[in-house]
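Let me begin by presenting the structure, written as structure tokens, before commenting on it.
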């Protein structure tokens, strides 16, 4: 029987092995992402890339994504020790990418120079946010703010109005706020940093404690925050990427979004991992995403092009127009004054990241029940 | 499959043991041990090694002292233990009366109830709690009705909190308890019960004094399973926002690689969970060993009929438990068809788009599930049947250890196994370039290991019923052991093997604790797909995929019922 | 306690396990239900005990109907075939349990349990668990457990079937003695006719759920009511025939058989011309010549088999027509054995020859 097993294993291995090999080709026929960018965006993009690859290289690319929160994905890449099972790391904060590059775990991006140059160095005032790595280890792919999502029906019933961050501290929202923790989600982490950098360390944490007093749930992942708000389980979600909120709208749910003052705007950086099993496909994917077709595609999904020349624009009733309406008429981040207090150097410090995360864990999550009781 | 048997060796002389014919058998036996050594023992050792070393691989107790000095972890430990005990109590309160009523009384719909009572078991992890939230959440059907139609100002909090976890676990796991008790009661001679009646004991008194004590081995086994299951579940607590449990902490810390200290704590927590599980297992085994009353007499007791009031009472009790247990099914069905369902009692718009997406765009989940569960069942059979045979029919050295190991697997939390595998197989095997982690093969292997006990137990139970003299008779007319096994033993036990395997299959289909940590891109199974959809915000798709998985499970269960008739509890004992 | 069963019917599904059985078990007697496996004897016992409910018919204890009453309201003591001792209780606890249920004071329980264990010769074994006792000892614990409640009737379901032959004889004698001492009405189920004959005051023979005959061991042996009883109780030679003529007011008859006309006692139900069966016990027959003329029947044949069993020499004699007669020569010390094939005559007294309805 042992023999039978070995034969069975060999047989299945052969069958599956065959799928993986093919003729000489311009790019590999597989592509794997590890990404915090949710399915709402990565799925359509991967699908479009598969079509693009078929047309351009005549290759049927099998694509898949390992959905992981940014910190988790970051840790996983380190754990792979240069033998990654994914080709591309996409999304989150640029600082983690710098860190990976320093560890020699990223490959330089290969892009046509024109395409690279069309992406501005940075965005935002008073503090500039970089949109690409001068050393070319990562590149921004799209822009979206981490803001506030709410359920209009519930918010109306509670008698509150949500316009900016401080509205979340209204005692009427007790138990109604959903947020993720900064060690599980980069959007939470960045948004906590925005709070800390706006108010300063001490006052910033006081603000977070007040938010915790109103918080009903710390979700397991950042993508749960818009889900539970869309469902009506909780009225307001904190630190939510705009496209996730927009995905709920596309899904037929009734939610509203606020882009609050100085909210972190992410360029959703992208890198090719060193030792990527399908490196050629990975570089082709980046090129595709930054092309006009790629940027147009994402502009239907509630995110904004990272290149100033592309605007979110479509036929009346199109998803593009819905997205514009959803974020209050904005067609490009380069059309407005982007306020930013988030300091990349400061926030990207490894010790600072751990400090913020462990302070949040010790003083907010672990004491959450007490905080709720006190207030 | 020829293993020499100690007795035969004595009668046949010492030379027989080393005859050529037995060489294959001994090699096979060694193969079983090799498999268990690589895929069960080594990962566990590796996990403990990691837990007792620092990043420089030097021995340290710091990790454990960190754990035991951190009040939050201690609180999580106590919470986990309390939750486990509470779930055992609640599942007992429901599961025992269920078993007792179904076995001993005749009432309208008894057959239907006994079939339906197993159904809650096939609820995949995560899907159950999702379904509950859809119906019982703050914006679920019940609360919407309470607020919009009955004037409640605030939603009733059924779900968010440890009580929500308790509700979900109870209604998911009580069938495990029922099956264990049914199985244990079936093994107790009914005359023990009648003897009690003949001396005047009856009703509850008889149940407490006689019937229940006699079923303790089955009860303890069931209680242990319920306890470990609850203890190891991290998906349910996370959905209802509970972090301060060991399983949740193990999961959250391990998937969080940024902070190495937390990562290490994830490993330590897993090691502690496994240690605790082993302790509980040993205690339970000790207890059960002293009190094995099973007589293997499967005689049937005449079912009592009930008065009209009794009938109504029983049907109302069973129906209300089952309705509660079926809440997640209603929730999942509504959400997998309902578009944009929020803050209304039922969806206002219905659509097939979620099913289209999961079945057309990602049929790989379904294919992977079937394929890997299939391979894992093959692994279960290839290793499990010989293990059961060795345990039942031979006196080979190490057979008691085999027994303990297969029982140990039942008690191991899936999260712990997953993390142990992550640590053990991340480096390439000697002389190869790829590590097992990252190959799809790791998925069926871990599933096979996890579900091995069901096949072993199913086969073992069948072998006990097949008297050894059948085999001896075949040998007496000249059949070799191999031939005897094929021509005599196998035809007599295939049902047990099949049922054990089908259970392994159902449970493999639904596994999402170990596999979730070992995900290989492109080779995700349905529960992982559900998790990915859910975590990716596509709750409706998660529900749709969940519903497909439930239907698959129900089909398997139906097949089991067809094969075994009513008696299906045997492999849970 | 006196127990009456009136026209009892009990079916399991389509199978009629007990078919219109009526019995009258007298106070203080040891009454045995005897029959082959599946004859319904255990079902009747369980009907009396209240473990089954009859489909129709009445059961009366001392004239009072008990139908519908559960076992614990019938004042019975039952010993199960597999003893059914509760393995999680000590022997003493097993015996004491019924008293505890009846809320007997603690010190009285101790006293009565000790007394009961003493009665069955198990003093000092009360603290052990049933699993630590031999089969015979377990049987006695079961007996003590049943008797300690002073039941109106003791029900014994094949209590000796799991014991080996020697112990069986011993326990059998003990049960009989205990029953006589206590004077308790006892219903005893067995498939072993020898056990039934030695133990019982009266026996009911059952087959296929139907009552065949009720009587003392003597009556059943000497006056079987039909060929089934004749064959089931002891060993019998059965020869089919037809009543030719009757004598002595129908008490004796001449029966025409394929082996000639046989003379013997006649069952009162038989009339001239009736088909009947002639019964001849092997120990009442002999080999040799007719000595007393007309008071003996004789059939010629040839020895086909001979076996020596110590106190008996047993011959099978082929008398033609595919019929074998068995003859037991008891105390064969002075007997000179016949060889196989020897032509011999089988002779048997007309007084021990019995014609019964077929």
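For clarity, chains are labelled A, B and C in written order, and residue numbers in each chain start from 1.
Keep in mind that, in the parts below, contacts are C-beta pairs under 8 Å (C-beta built on N, C-alpha and C of every residue); 3 or more make two chains touch, one makes a residue touch a chain.
Values in this document were obtained by computation on a predicted structure and should not be read as measured data.
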Checklist outcome for this item: Min distance from chain CA centroid to global CA centroid: chain B
Checklist entry - Counting only C-alpha atoms to place each centre, which chain is farthest from chain B? => result C
Item to check | Centroid distance [mean C-alpha coordinates] between chain B and chain A, Å | outcome: 36
Item to check | chain B and chain C, separation of their C-alpha mean positions in angstrom | outcome: 54
Checklist entry - Just curious, how far off is chain C from chain A if you go by their C-alpha centres, in Å? => result 89
Checklist entry - Any idea which chain B residues touch chain A in the complex? => result 1, 27-28, 31, 72, 133-134, 137-139, 160, 238-241, 243-244, 252, 255-259, 262-263, 339-343, 349, 375, 378-379, 382, 386, 426, 435, 438, 440-441, 519-522, 524, 532-540
Item to check | Residues of chain A defined as touching chain B within the complex | outcome: 1-2, 4-5, 8-9, 12-13, 16, 30, 32, 38-40, 62, 64-69, 71-72, 74-76, 78-79, 83, 85-86, 151, 153-154, 183-184, 216-221, 223-224, 226-227, 230-234, 244, 247-248, 251-254, 353-354, 357-358, 365-366
Checklist entry - Taking the complex as given, what residues does chain B use to touch chain C? => result 189, 191-192, 194-202, 205, 209-210, 213-214, 216, 291, 293, 295, 297, 302
Checklist entry - For chain C, which residues are in contact with chain B within the complex? => result 49-52, 70-72, 76-78, 80-82, 84-88, 97-98, 101-102, 142, 145-146, 149, 155
